[in-house]
Amino acid sequence: MNQIITFGEVLMRISPRGNKKFIQSNNVEFYFGGTEVNVGISIANFGGDVKHISCISDDFIGDTAISYLRKFDVSTSAIVRSKRPLGVYFLEVGAVMRPSSISYNRSHSSFSEIQPEMVDWENALKKGKWFHWTGITPALNKGSKETLLEGLKLARAKGMQVSADPTYRSGLWKYGEDPKEVLTELVHYSTIFIGGVNEINELLGTNYSFSNEDFIEASKQLMEKFPSIEKVFDKIRTSINSSWHKIRARMWNGKEFKETQDLDITHIIDRIGTGDAYAAGIIHGLQKFDDYKAMEFGSAACAIKHTYMGDVNYATESDVINILEGDTTGRLKR
Amino acid sequence: MNQIITFGEVLMRISPRGNKKFIQSNNVEFYFGGTEVNVGISIANFGGDVKHISCISDDFIGDTAISYLRKFDVSTSAIVRSKRPLGVYFLEVGAVMRPSSISYNRSHSSFSEIQPEMVDWENALKKGKWFHWTGITPALNKGSKETLLEGLKLARAKGMQVSADPTYRSGLWKYGEDPKEVLTELVHYSTIFIGGVNEINELLGTNYSFSNEDFIEASKQLMEKFPSIEKVFDKIRTSINSSWHKIRARMWNGKEFKETQDLDITHIIDRIGTGDAYAAGIIHGLQKFDDYKAMEFGSAACAIKHTYMGDVNYATESDVINILEGDTTGRLKR
Amino acid sequence: MNQIITFGEVLMRISPRGNKKFIQSNNVEFYFGGTEVNVGISIANFGGDVKHISCISDDFIGDTAISYLRKFDVSTSAIVRSKRPLGVYFLEVGAVMRPSSISYNRSHSSFSEIQPEMVDWENALKKGKWFHWTGITPALNKGSKETLLEGLKLARAKGMQVSADPTYRSGLWKYGEDPKEVLTELVHYSTIFIGGVNEINELLGTNYSFSNEDFIEASKQLMEKFPSIEKVFDKIRTSINSSWHKIRARMWNGKEFKETQDLDITHIIDRIGTGDAYAAGIIHGLQKFDDYKAMEFGSAACAIKHTYMGDVNYATESDVINILEGDTTGRLKR
Amino acid sequence: MNQIITFGEVLMRISPRGNKKFIQSNNVEFYFGGTEVNVGISIANFGGDVKHISCISDDFIGDTAISYLRKFDVSTSAIVRSKRPLGVYFLEVGAVMRPSSISYNRSHSSFSEIQPEMVDWENALKKGKWFHWTGITPALNKGSKETLLEGLKLARAKGMQVSADPTYRSGLWKYGEDPKEVLTELVHYSTIFIGGVNEINELLGTNYSFSNEDFIEASKQLMEKFPSIEKVFDKIRTSINSSWHKIRARMWNGKEFKETQDLDITHIIDRIGTGDAYAAGIIHGLQKFDDYKAMEFGSAACAIKHTYMGDVNYATESDVINILEGDTTGRLKR
Amino acid sequence: MNQIITFGEVLMRISPRGNKKFIQSNNVEFYFGGTEVNVGISIANFGGDVKHISCISDDFIGDTAISYLRKFDVSTSAIVRSKRPLGVYFLEVGAVMRPSSISYNRSHSSFSEIQPEMVDWENALKKGKWFHWTGITPALNKGSKETLLEGLKLARAKGMQVSADPTYRSGLWKYGEDPKEVLTELVHYSTIFIGGVNEINELLGTNYSFSNEDFIEASKQLMEKFPSIEKVFDKIRTSINSSWHKIRARMWNGKEFKETQDLDITHIIDRIGTGDAYAAGIIHGLQKFDDYKAMEFGSAACAIKHTYMGDVNYATESDVINILEGDTTGRLKR
Amino acid sequence: MNQIITFGEVLMRISPRGNKKFIQSNNVEFYFGGTEVNVGISIANFGGDVKHISCISDDFIGDTAISYLRKFDVSTSAIVRSKRPLGVYFLEVGAVMRPSSISYNRSHSSFSEIQPEMVDWENALKKGKWFHWTGITPALNKGSKETLLEGLKLARAKGMQVSADPTYRSGLWKYGEDPKEVLTELVHYSTIFIGGVNEINELLGTNYSFSNEDFIEASKQLMEKFPSIEKVFDKIRTSINSSWHKIRARMWNGKEFKETQDLDITHIIDRIGTGDAYAAGIIHGLQKFDDYKAMEFGSAACAIKHTYMGDVNYATESDVINILEGDTTGRLKR
């Protein structure tokens, strides 16, 4: 009963090398990602037992995606296959004052057309201890929302922890339901809230500021409305420019407010998936450490992810602990 | 009044380097292609004045596609943009007894959702002399079929030549109309038939063999049913294996049957787009040469295309003429 | 009457990947550039209608160069071809305290042997509204200087705006004429001066310092000697090292002095062509905005160019406006 | 009870791209291989349940090797880790009359220093049905030989099939035992002999020729001396040059002699691992088909492996069956 | 007194990867070559003591070229440096019926502007035993011709062997002298003629055919007119297409005519420099073997060069001897 | 009598491109390095006459290594070859708070099994003026220690300067001797100590801090115990993170203490070999400049090395002098 379950779309990401644009070179690289699978792979890299559930194209691209998950020892046994193609996104990585640009081709992907009857949740959650979901999945389509809802219900029925990263991405949500209503329903099945003032304001219709005081108030109000929520973990990103960020974290666990120091990320390699690395760090940390150390672990995991190309955090548990213990000088390991 | 018009989907093609599979390396290359635009670019490389009409995504991938056409001096002024993503296909290039594999992600692409009212045909065909279409466009969707039909009607009304490559690809045609009926309607607006016994059997419901005798009979019956058709150009591919083909061409122009010698393509680099190179060679050839030399030009153009990576034929008119004049030894040009 | 005309050499640039030296790897990349064509392409990327006039080798390298310009929708209709090879330069990109190194192979290039009778200026300037020239062209050879002079005369006769970037590069100027005299003659045909104290001192034989006071004085004296000059746009680069610069701009338009804030370019990707991006920004800006906003536009265009590999500025008008409006955090665009 | 067990060294292979030599370029690619793991991965690609047992370095190179096996869904649960580095080999791929060259760095590798007590054979073979070994393992070191011997004893005790590929590589065998004696002992635990006249002559001290008659005689004598051997599968390679081979197979199953037609591999991409692909095909084939079809499957598997870069055969069961059913024209799959 | 001297231009060659065109990709590779230095490097790879004399640009490109020669242990001590750039050539490698294309940028290169007083021939030839020249050097410019002539005079005065490869390339020879006259003067200083009927016809104004009879007659007449010539070595290339050639050699040594069998080069990687590999093989062979074996060595060296990318033959003496002894199957060396 | 002698292992280094991990991509690059050969190559790049003595594998990897040294004009005439493979190390380059990781495969390499009788020291040191050794060589094996000891004895007997970089790397030293004893013996043959407080504490068993006062005291005590030592050169690295360091140097020459300013290395490309670049700078500097300028030269050499990928410092003497004279802005050299 030790398995972390992640559920969500796996996307193929295609980017030019370095900071080039597609118009500059026809040499590109591909990676796989997707916010929930990023969390799953990252936890597997920390040593967790992870199963990712998804719907993936039944072609050589889908085979490659599944083999990518296996590389990280993520269980793919509950993945279903479909005739629809895998979702794709194209990324041009920015630098300094030039932002990165993304273009998605996902609206009729294999995952976006998933239906509840395609997933055997009983079987899939058999060894489950923790379920992680994000606001992307219910935004895609009615089928993906309902499939998620079934999973969440069963997870809670089995007493699993449920972490929610209820990011609201307005560019999605085209199938006709109201984001606030849907997310509200789903958050009711969740115990750990990985999100901040923006996400809370979205859910509650409030207007809290980013101050620590407001964060605490917002968290309290959130936990009042959603009594299943036990803890709220937020992170704060200070962007000097595309290439240089600072990251810190804060939390309210119903009793205490804590926050970490800024970690200074002076030479970003890839910021995609850094929020997912934070979530993975929190989930992994909460199973091993106290709340404060879990938050520090999440924050350090988020920071080090900025140094890996691709959506995935390759850091091991000990890589993260080194940073959390203050070794941020990057001294060469011989 | 000298412009060649091509109309059809522009796809992004993504392939690993050389003969690798996606599972082997995350270094891939992209190209743009699509059967009609391949014809257009190839004619532009022969020196023709070409306009390609299409519907392309309004993002940096679409910008890159348009800039790709411009590179070859193909007019992009009639291209419309859409919120839908560009169609994509993934290709693994085979070798020897290993076939190439293709996976498409095109069924909800920007082009497949084109509607007749999106194209200003009057304006687009203003300088038009020749219109080329293929069986892919009407296979995609009702909108693309009807848009094509409007274009064909106007083209014929203006007295343009219309070449048809009525390839029947059974994996497409999912929007509910009968391929034979649709293609029959469209071929009635065509004057040059670039296709062979397979395509004729498909249209007529006949069962001709590949013999020259049957080809002539089939062509005659075709021209009887479709009196607008003046000439039929076929090509015959002999596949020793994925890496080694032979190509020859044959034609019936209502009066004469002619065929060329086999061209021996001992070391294929990329066979995608070689049929399009044949069509481009026929179209360009018919504007400059007699029927037989046009066919030889098409056949040589098809052969040399096998030596270029990507969907596009880079050969110039003089490159092709060299081969057609018998210089197939590849002697170094200093 | 809306076309921006640029006239000058197109060079092929060859560089190792990243910060490597030629001795380290035989894998290199090529780009095309040249100070005037960089300006032209950048303006085309802002949405301007641009024609570049040049003399380019009549071989596959020249074909590739022309196709490169077309990619950006720059008109190549007035380009002449020659038997001489295209000019080439080799670049090793430095880092931190290591400067970049350049080696040129341009002294007998196709452009350097251009002659006035090769360009049909009447035709080339037919739709012209603005003409841009730099101090490189007259430095190359007598023929290039005289060809430019003819163009300038006609441009002024037609009432076009003429912007001058009269950079004095002492390593050139080997054909026997006096740079100061030649540049003086050419500046007399110009209306916008894109250059600073160095260039003014060179022209006037003065010795102004870099202070704002001296810049204003120098500009006034320049405009006295060259009454056609209406405005002077300068930029100031602060180099922390090869990888980290700051950029700001200042101007004197005969009435007002203005200067911008420093833009901090903490992680330079390629500084080649950043001065040209500034000039392009000024030229484009002056057609759309007031003088101060044009200068800000130029300064932001210059800054963002440092984030693109190659000589060319890929930024669109809206990319630049985002920065100019203060969004320099590089926030990811979803 | 359905698992195929392979036991042997996993090597990192490093090669320049294409047919380059190390002295030509510092851009190289790595793959993992090793004769037994090649067999294992190939069977996994055919759909078999495979476990590979080995001893792998406990560093990021070893992690990468293990993740490579997982990609193909090969079980790595019985792999042990060691402080010694992974074995490496360097390969320069030849062409035409230029042979490929190999240089090994394996003599003190993690696997070569394996000891019997490091492998928990009981556990490792729990689900085992088939055990495959080759002559490389006993050649490396006393420890690897003895570890193999323990495994073979248990496998036979459990009634598993045991296939032997008793290749004799004279460059190995430096630890002081007599190859013939050692191999004789090991073959006594085997039921399927994947080898030909050379290997039989080596074991029996005979001098049979390559004729079919001699092959049958040799096989009979082999089966007399080693009564556990039920079937002998040989393959015959005709090398036109480094780039062009023909492959056929023959067998003696105690009752019948059969041989296949030559498969013509006109454009070899990588011949490393083609013998292992043959063995994998035989092992997989014998579990699904009759002896003759198993041999055809092996032969077709061997042939198609020549078209994949790297040591591994990526072909699926259906890829191989297509060839075996005569489709060697490499027709594109749409 | 054992040094082989080669004298001639070193060119930088730039080519796209594989068979791409420059218009297809901005990823290219560079090599160094030049007919005489190719001969020198090849002999050094056979184990000879080689000094190459040239004039090379005094920049980082020239440094890279010199370091390239050193890599092969070719002495660079007599190389002079100049302010002029290194010559460059661009190559697009063809395939099948597509020929390779070359574009040169060498007409004002560092070498083409060499002057006799720049080379200290006394010192340079101090340890010289053999001098090799080709028809390219006198074709470039008056200075290069005269520098060569001085070297040849001294070489003969010192009793060195002099091999001539008097290729006549009509695209060069622009400085106003008559090729036939110049080459005639230079051949008078030569002892070994590496060339065939074409070159002899050019020199004698004759019209011999390619038959063996005519080759013998032509050689006799050549040796009559140039009594210093002792032996004539020719090679015959049969081009099936760009990717597939056959090579054989023939000779007349004043007494005997001999010819070799065809070597079948079924998959050419790069044919540039194969003639130089032949010359190097002859020169090296004549120092070690009899005339016939020297010719066989040259022919096998020429054949194997077709399998190396770049201008240089990487084969060692033993690589060539393997082929010459009949091992053309490319069997893997373990 | 002007030759700098370096003696030590040459290792092949294999790294993924940029900051990738091996698990991310099978595209890797190789370089050669090793602390002593890095010093040798760097001095050769400054213009020194350098001979490197080593034991290198007798295969194509060893050939490539030797050709790599020749590229830099380092004499390889005293290198011996062996049947053992070349040592290899794998490097993953970190960024920001992610440290680089190294994995070695060197413990049975060709160099680690060198024996004293393999090197002809008399001959090797014939033109020797300076001998450089490091603490790596005696750490590898008894044979390498004793070979070094013989060399040192002869070097001192001939009155050569001997520089010691007695780095103590605890992961090595597995052959049973006491590091302190061995290093003590070797330092007695040395005249220039390139090391700091750590190395002195190791040798003397003291416990000095990093303060300048302690450095001076430690140096004095060192010079008392080892009267041959004339000067001590230390460098101090301040690591902000993996991507950003500061470097300064200090020295005690028996009379004076001096230290340099920090050099700020804001964007590190590769820090491997930067200590060797410092040592090379000191050795080269002491032959040309006074002690203080030699130290500045070493410090600037160390700093610029951080901007070159690979183990080797490509900077020339004048590149370093520019920095030392204060030009650290990286201004482009045209």
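Before moving on, here are some points about what is shown:
When the chains are written out, they are named A, B, C, D, E and F in that same order, and each has its own residue count from 1.
We adopt the following convention: a contact is a pair of C-beta atoms (placed from the backbone, for glycine too) under 8 Å apart; a residue touches a chain by one contact, two chains touch by 3 or more.
Going by UniProt, the chains are A, B, C, D, E, F = 2-dehydro-3-deoxygluconokinase.
If you're wondering where the values come from, they're calculated on a predicted model, not measured in any experiment.
By the document's definition of touch, common neighbours of chain C and chain F comprise A, B, D, E. Using the average of C-alpha coordinates as each chain's centre, A ends up farthest from chain E. Chain pair A-D has a twin interface among C-F, B-D or E-F; that twin, with over half of the contact pairs alike by residue number, is E-F.
Counting C-beta pairs in contact across B-E and across C-D gives the higher total for B-E.
Matching the C-alpha atoms of chain E with those of chain F calls for a turn of 180 degrees, to the nearest 5. Averaged C-alpha coordinates put the centre of chain C at 44 Å from the centre of chain E.
Work out the mean CA point of chain A and of chain E, and you get 62 Å between them.
Residues of chain E found to touch two or more other chains are 18, 21, 23-27, 29, 67, 71, 101, 267. Those residues of chain D that touch chain C in the complex are listed here as 24-27.
The touching residues of chain D, when paired with chain B in their complex, are 18, 29, 71, 263-269, 300, 303-304, 306-310, 314-315, 319, 322-323, 327-334.
Across the complex, chain F is touched by residues 14, 21-23, 26-31, 57, 59-61, 63-64, 67, 85-86, 88, 90, 92, 101, 103-105, 107-108 of chain D. On the chain E side of its complex with chain F, the touching residues are 67-68, 70-73.
Taken in their complex, chain C has these residues touching chain F: 18-21, 23-25, 94-102, 169, 171, 239-244, 267, 271.
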